[in-house]
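What follows is a short report on a single structure.
Lettered A, B and C in written order, each chain numbered from 1.
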Amino acid sequence: MSLLTVKSLGISFGGLRAVDDLSFSIEKNELYGLIGPNGAGKTTVFNMLTGVYKPTQGTFLLNGRNLTGMSTTAISHAGIARTFQNIRLFHEMSVLDNVKVGLHESISYSTLTGILRLPAFFAKEKAMNEKAMELLSVFGLEKDAETLANNLPYGAQRKLEIARAMATNPVLLLLDEPAAGMNPNETEELMKTIRFVRDHFDMTILLIEHDMRLVSGICERITVLNFGQELLSGNTKEVLQNDQVVKAYLGE
Amino acid sequence: MSFLSFLISGISLGSIYAIMALGYTMVYGIAKMLNFAHGDVIMIGSFVVYYAVTGAGIPAPAAVLISVVVCTFLGIAIEKVAYKPLRRAASLAVLITAIGVSYLLQNLALLFFGADPKIFPNVITLPALNLFGGQLVIAGTTVMSIVANILIMIFLMLFIKKTKQGQAMLAVSEDKDAAMLCGINVNGTISLTFAIGSGLAAIAGVLLCSQYNQLTPYTGSLPGIKAFTAAVFGGIGSIPGAFFGGLLLGVIEILSSAYISSQLANAIVFAVLIIVLLVKPSGLFGRPMREKV
Amino acid sequence: MKKLREKMSLPIRKMVHTILGILVVFIVIQILSVTGVLSSSLENLMPELCFYAIIAVGLNLCVGFLGELSIGHAAFMSIGAFTSAAFTNAAADAIPSVGLRFFIGLILGTVMAGLFGFLIGIPVLRLKGDYLAIVTLAFGEIIKGILNVLFIGKDKDGIHIALINSNQESLDPETGKMIVDGAKGIIGTPHATTFTNGVILLILTLVVVTFLVNSRTGRAIQAIRDNRIAAESVGINVTKYKLIGFSISAAIAGVAGVMYAHYVSSLTASKFDFNMSILILVFVVLGGLGSFRGSIIAAVILTLLPEVLRGLSSYRMLIYAVLLIAMMLFNWAPGAIDFRSRLKERFKRRKEERP
């Protein structure tokens, strides 16, 4: 059984079919790419897979469990985590607290425990701090733990978003244009980090990216979207050499 | 017959709400902000008419004209000084500023004009209508409110449809940045919107004070909030929405005051607001908005 | 001692310092009033400082941390006030001890205000931004309207409640007593609010909100404020945490209301109007969104100011209005932001230049 199975997924906004009849599946521990020109509907796919939009057709299953139509919160609990194309951090909170918010579900105590500072509070907070620092060090952010998220440089903000997503203890990680706005060196470093996350946490990753060096460098298989429809899927190298794909990207 | 006369008072009050609601709805549609001070611009306009007529002896139509000019400039000034610097700020900051401006106008009026209620002069000299052999009397103010409301509505619809400035307003309300790229003067358009809304506020003020016969620094604040309710009711940003929202709200207020309890009339009006926002936040004529992820 | 200090996180350290500050002020005021230096009118003002500081802290939780502007918070204060005052009056015969009645009234008023915060929060918190603010105002007006036509009387047959029409006639003429008398409200509530219990409640409130904000729940609340969609994406139940924050904020307003009811000689609903809500908002904005210490200081200064500078009292609201606008422009206008960052830059450079 595949880790993620997407079956003829689609959505329309007031008559406009943004994504139509999309199917693909991702195996455990795979690095999978979703590419396509601007406006092809890639982020819309992410939004459906995370419950921000409710699909109007088709289903998707995580480890055989149907998550279609569930709320964003419930899907997060089920094990899908994501980052955003336009970075969405908790900008007025510290870097450490951003990750601790990600740990919200996995390490939990009640509001009253917090207000009354019961012993459980101290134990759980300690566990949270340790876990959060561990994650931050994976992304080389441990020195910035007390910095406000807003004050981090751009590349570090993208990394913090991944760290926060990893804190939710997911089985599937969705990365929406992780290399956007990065220079070649930063992208190179990011590729290493993504591979490390996959190997270290035994993670399955689905990513949207325009940077073809990153896609061909780390994705094992890809799906190409064009005008909301699947153009081609398969082994990254083969797909990228396909005439149709080149045409969709470069125009006629 | 009493129901009919209540209904007519409701439509009369509703017409005033509708004219006020236009100011809220246009500004909200274009600047995406709740101009909390609009009700207080109405109050200032009424004071201008009051002092022009009772103090300087200026004839009523000229006094109203002066008030329109004063309110227009007041509206533009408020926008320039308080709102324009905050155009990209969080909505929380803008709303707090607007509340501050509202408070400032109220307290300036309190300082200069005093808290004691002023008897508003009779500026509308239209004779009352006697119908059904004197069984139903419609006051001149009522007739004037309804006629003014309809005329203003038609004028504004034509303005937006037929003029370049009107079309610019539509464009800015749709997408500020795109409008700017098309060469539209966004700042000018927003100023114009404030100017029109505030000018209308002067007219609404005269009608409001003629209906209640008295004027205090707080005259504008509660009717202002109710007019905003009317704008939300009709669908924010929609001119026909302000028209019908205002009328409906006026009728609801008068009828609940007559048949349920005059003390609870305001509570009922606000309950309507809450129900509308929960059931159909886009109002009767508004379009739903989608958040971009 | 030093070890303890190191163990405390920055927000907790700040809270401890604020509490110490409050205690110092409390002791100084006590000494001044015992020695007769403090005028009696100022002395009478002291409990007022406490309940305004408490409600400002409560509203800051809502505006500064939850990120939702409530301009109807006075209504929650009125719920706490009316609930507790009705109880202390109705139970006058059953419980002779004023202190005990005040204590039970305090719990009832706080819980009732929190409950209303929860019930009103369910519809209100579904809305966003300006709409949410205007609906809190609407609820405030509705609660004021209903309290204005609420009549509660008591006689040998028990409690009688009526809306709109007074139930005076239905009360037994011998034993009957009006407790809540419509627009006239409640009179004869014992003056149980003191500076001492005010300071205790203020410190308690400060501890509760500081502990709350610096806990898992508090982080969830702030995450929702900063980015609702991202908060949902990490599995936070947005409605639940908004409701928790809003209800606690309302309950704290209830505490202030209880104190208010046992401080004034007559309690009327009309007092808890839009102006009161704005006054509290001024404290919060002036003290700084997100700073509880700031809220307390602003509430104290702005409540004392008109008393100390009598000549200013007619300009009081005018000054508040100007402060409100100036604060917002200073914090948010691009020009002001540039100016502040340049100022910061210059300070930094000067520091670095120093050997």
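We take it that contacts are C-beta pairs under 8 Å (C-beta built on N, C-alpha and C of every residue); 3 or more make two chains touch, one makes a residue touch a chain.
Remember, it's a predicted structure, so these values are computed and weren't measured experimentally.
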| item | value |
| --- | --- |
| Chain pair that, of all pairs, has the most C-beta pairs in contact | B-C |
| Distance-maximising chain from chain C - centres being C-alpha averages | A |
| Chain centroid nearest the full-protein CA centroid | C |
| Separation of chain B from chain C, taking each centre as the mean of its C-alpha atoms, in whole Å | 32 |
| Between chain B and chain A, distance of the C-alpha-averaged centres to the nearest whole Å | 48 |
| Length of the line joining the C-alpha centres of chain A and chain C, rounded to whole Å | 42 |
| In chain A, residues with contacts to at least two other chains | 52, 84 |
| Residues of chain C whose C-beta touches two or more other chains | 229 |
| Numbers and ranges of chain B residues touching at least 2 other chains | 293 |
| Touching residues (chain side chain C, partner chain B) in the complex | 63, 67, 69, 71, 123, 126-127, 129-131, 133-135, 137-139, 141-142, 144-146, 148-149, 164, 183, 229, 274, 278, 281, 285, 314-315, 317-318, 320-325, 328-329, 331-336 |
| Complex contacts: residues of chain C adjacent to chain A | 208, 211-212, 215-220, 222-223, 225-227, 229-238, 244, 290 |
| Footprint of chain C on chain A - complex, ascending | 50, 52, 71-73, 76-77, 81-82, 84, 88-93, 97, 100-102, 104-105, 107-109, 111, 113-117, 121, 124, 128, 164-165, 167-168 |
| Touching residues (chain side chain B, partner chain C) in the complex | 28, 33-34, 82, 85-86, 88-97, 99-101, 103-104, 106-108, 110-111, 221, 225, 228-229, 232, 261, 263-264, 266-267, 270-271, 273-274, 277-278, 281, 291, 293 |
